[in-house]
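So that you can tell them apart, the chains are marked A, B, C and D in the order they are listed, and the count of residues begins at 1 in each.
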């Protein structure tokens, strides 16, 4: 099994004719994911040329795209000024998972979009996230299909390239993944660690979890407590930003130590106190995961 | 983007909040002439993006022209939290009866703007939140409804008993919310919100942060950016759409992705080195961005080695390789460069590097260990 | 039994120190209803002097009033400019029934207040309504206690004085009431005919219902269809405004025939088609009710 | 409160909606001079609170000054739905390619502002809603979110295929929503919304109703009230806070409560009479209000009998009785007065009436039957 995306994913790409949208649509289609529609206002009726001569119909609105194709998932490659509106449009059209890749969406825009998506019962992943991939099943977003392989480990991360690093190391070591989820580097994200942990807990096939956090906020601390109270699956954690100074934004809008809150030290402590093995370096993740997996099957 | 007190006050005033007058001076002469225009006692306040200005000696009362000059001379040019004071605000002193705290910021957990108010003003709200949480009243503004009238009163009721003061405070709270939304802020703090002996409620100090992602909507706020308060390399990075934060070490880091960039810094430390900076060249970086990144890193005289850690995803390895080669042609780079380059278009990138005489590592640990070693062995 | 208000009603009067608020609070208390608190911003700490030396504590906010007294119901006598906010405050404080007497509240204000009350799970009766009275049990609003008497008939009406007329005639004829509900004359009201009919259907003691409508909107038509599909209790109806010209507002903001929609003729037709006996004059209501009651017990 | 087309257009313009220029004339001379200033073909449009102005001959094209004068003379002073035209709007004729309909109003069922748009313009929307509902796209604006961007596009997509037109229409729809909320409207209709041959989308006719309950917030809109479009007795009633609607019959009605007032009119008809008016003296009526009510009723020469139907609740019977007695002293009332008076302070009221020589009924049917009889018997 897998979480969030799988063989049943029917994807609409919002902003399919843009530079990023068109590039990644090709990659997503090459990975074998069903891209059933694209949306770009004003370009309805055109066709997006996918790999191998596959054409994807383009619609003016999500409403039409969903009505015509029965899509259940969307991915947003829309510029920041319009991206929150695209998330709202997807939720309003009945999409159940909206993956928002766009970075730099105004926070107040996203506050409303998150509220609206909750009201509509839609899950938002991101924004400012690399998306999600269930190896061998479906890829929605920008995580490369080349570095993943099917297997028993679930991966959750606030970061893009750091996820690649961890996943590549796992794959090289022969440890495959059920699903790799990038939850995003923004302060207001639609799906947090606990949400994804819950999904992994309900997934029959995930036998261990890698959780990659970073400075800023207290999402990791809450996740650690949730793990300790609710989860039977072993978790290995890593926190980026141990050397980050307070009060400075480290790339991600959400990666900032405010006052004394949100330090890597705090988060690592919370992991340890709640039974989550902490990797000192990304490279240590592999050994720790192998240890918990073999302990499980010992 | 942080803005200065005097700028935040302009925004509050524009939203109708009672704020005493004030003018900015950059020289003691200007300060004296402003103070003379106001007459009476004035406050001389350092304008820097830092808390604790009072404790640092950056806020002084002055009753005579001589005192104004003395304080202006002392404060202008002083250093507070590594920032040099280049501007001072001159504002008439108020007849303070009580001091309260009113703040609003984007709260991650509730995913919405959240007010925090306290009848104890002049405080460090974070401190109070830890030590005496009951002294703070908190309210999350549901983005679906905005701030409702009864909620503004609920907050104001916790500040004062006198109905006349409650009414003024409720109005200020509504105006503060309007200022917050209309200027795309992520934080505004009025600290203290005072009552005067004549029964007026006023904001006499303000801090404000604008959401960088909102700036495209507010060209007028972009003007507020104080380039003198930002180190030149950070200005250059921002303009080139790079994220750069200077640190105290000597291993210059150039990485794609914020998480990987932080992890790289941490790994430098793990291997016994000290990172010179955080630098994220971003997702779809072109060669030109890499050149700028190298210019920024090499402008730091502490840097003894330059470490590239690139895991190509959206970023293409050949673009980065081209940027490195181009930079070495255009600028004089003294520190040695060590490179880790894998992912999208890896082969093309490695070919370009090889042709230019560079070799690259494929493991993050290897490249970081090597960089630290090079610093140590000089 | 009774609906909406009864012996368990613990009432807060919003705007208790105003002219209308103080006058009607006395009447409500004289009827024996438990007025546990009053709210007037800025007058917290004072006491309202009720009949017989009974004092009612006044609070600055609904929040405090509910916290201190456990009130479950509120009645709003606040001027139009602030009344929608008072409804929102009551709903936010956990009040389950908010009776809004005020006339002339801006419609767009009420649209938001209704949405907010729904989100908070509070029922709003009105605005621009005379309130509700359960004879012998509780009175919340301005319906006179002198003209009602306990008995088996439920009364629902969009109008105030017309309700008095109908209820007085019933009482004079010896036909008592379970509860009399004035739903209000505004275009946007929180509780409509169907809502009250549902409540009467669930009330064990209501054996017949009088439904008094007027021109404007189609609430009566929908109620008629609902009665026909769902209700076992007999209903007698009356519609005011048969002689009203189209396009003119007849006092109530909601009493206006727009184009060809909302005529008395339409509504009476809907009543007849759905098995609701239509009274030609208010005075005919009594005979029709007596007929359905005696048929029931025949 | 209904406002004129030219006023509605001012509000739309202020909200950024493209509306062709236009000026109001009250004489043919003014009309000609405005038309000459614009040059080319103009439209001369009657400004009255009524639909169907076109069919009634109140809207005419004019290409020459002579035509302008001819139409202005014909339209000024003409009667449309009982209203005399006192103002005309002169506006340049547009090069119309297509006509659409865009309206927003408060919808009772969804309890919120609701858009109705149709690619078929110049229509009677209510008619189309009945005969061809598929030709209308409807959208309820959730008051929690306001009009969302994608919803404006969803509506606009149903009007046009050309993306450039859709974009303009989506913007106009957002601006229309802003106009609706900021002016406290209960209805705004742009009919038609045109596209010109050069590809512009414009509003060339508009109807608008302001929510009376919002007027306290909009003193500037109160100025829009056209007293010449309102019969004098209705103005007087409104200013005295009474609800009065003139009808064609001869039984003058004075009632407390809107529902009872309507039921009283219906009962007059039931007994074979014709009501002369709807009049609700409201809840807490004082004697002065009753005097004004009687002045208004007696100003109608058709009135042959005056019928009071008072069921005291908030209204106190003694107040009403005092008002009746006072009025008979102050004004010369020819028609006979019949009174029904029960409820709060009934005894005191009856005593006052008796002392002044009136008797009162206690049943509504009796008093109405008596009033009708008195008209019939003269």
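Here are a few things to note about the model shown:
Simple rule for what comes next: a residue touches a chain if its C-beta (ideal position, glycine included) is under 8 Å from a C-beta of that chain, and two chains touch if they have at least 3 such contacts.
Predicted model, so just to flag it, every value in this text is computed and none were measured.
Of the two chain pairs shown, A-B and B-C, the one joined by more C-beta contacts is A-B.
With respect to chain A, maximal separation of chain centres occurs for D (centres as means of Cα atoms).
Chain A and chain C have Cα centroids separated by 51 Å.
With centres defined as mean CA coordinates, chain D is found 28 Å away from chain C.
Mean C-alpha positions place chain B and chain C at a centre distance of 56 Å.
For chain B, residues that reach two or more other chains under the stated contact definition are 144-145. Residue positions of chain A with contacts to 2 or more other chains are 112, 116.
If you draw each protein chain as a dot and join the dots that touch, the picture is not a line, a loop, a star, or fully joined; it has some other shape. Here the touching chains pair up as A-B, A-D, B-C, B-D, C-D. Those residues of chain D whose C-beta lies close enough to touch chain C in the complex are 106, 108-109, 111-113, 126, 142-144, 181, 184, 186, 211-214, 216-217, 243, 245, 247, 255-263, 265-270, 275, 278, 280, 283-284, 311, 313-314, 342-344, 363-365.
Contact residues of chain C toward chain D in the complex are 20, 80-81, 103-108, 111-112, 114-116, 119, 130, 142-144, 157-165, 168, 185, 187-188, 212, 214-215, 217-219, 238, 240-245, 248-255, 258-261, 264, 280-283.
Contact residues on chain B toward chain D in their complex (touch as defined above): 144-145.
Those residues of chain B lying in contact with chain C across their complex are 145, 148-151, 153-154, 157, 163, 166-167. Taken in their complex, chain A has these residues touching chain D: 41-43, 60-63, 82, 85-86, 88-89, 92, 112, 116.
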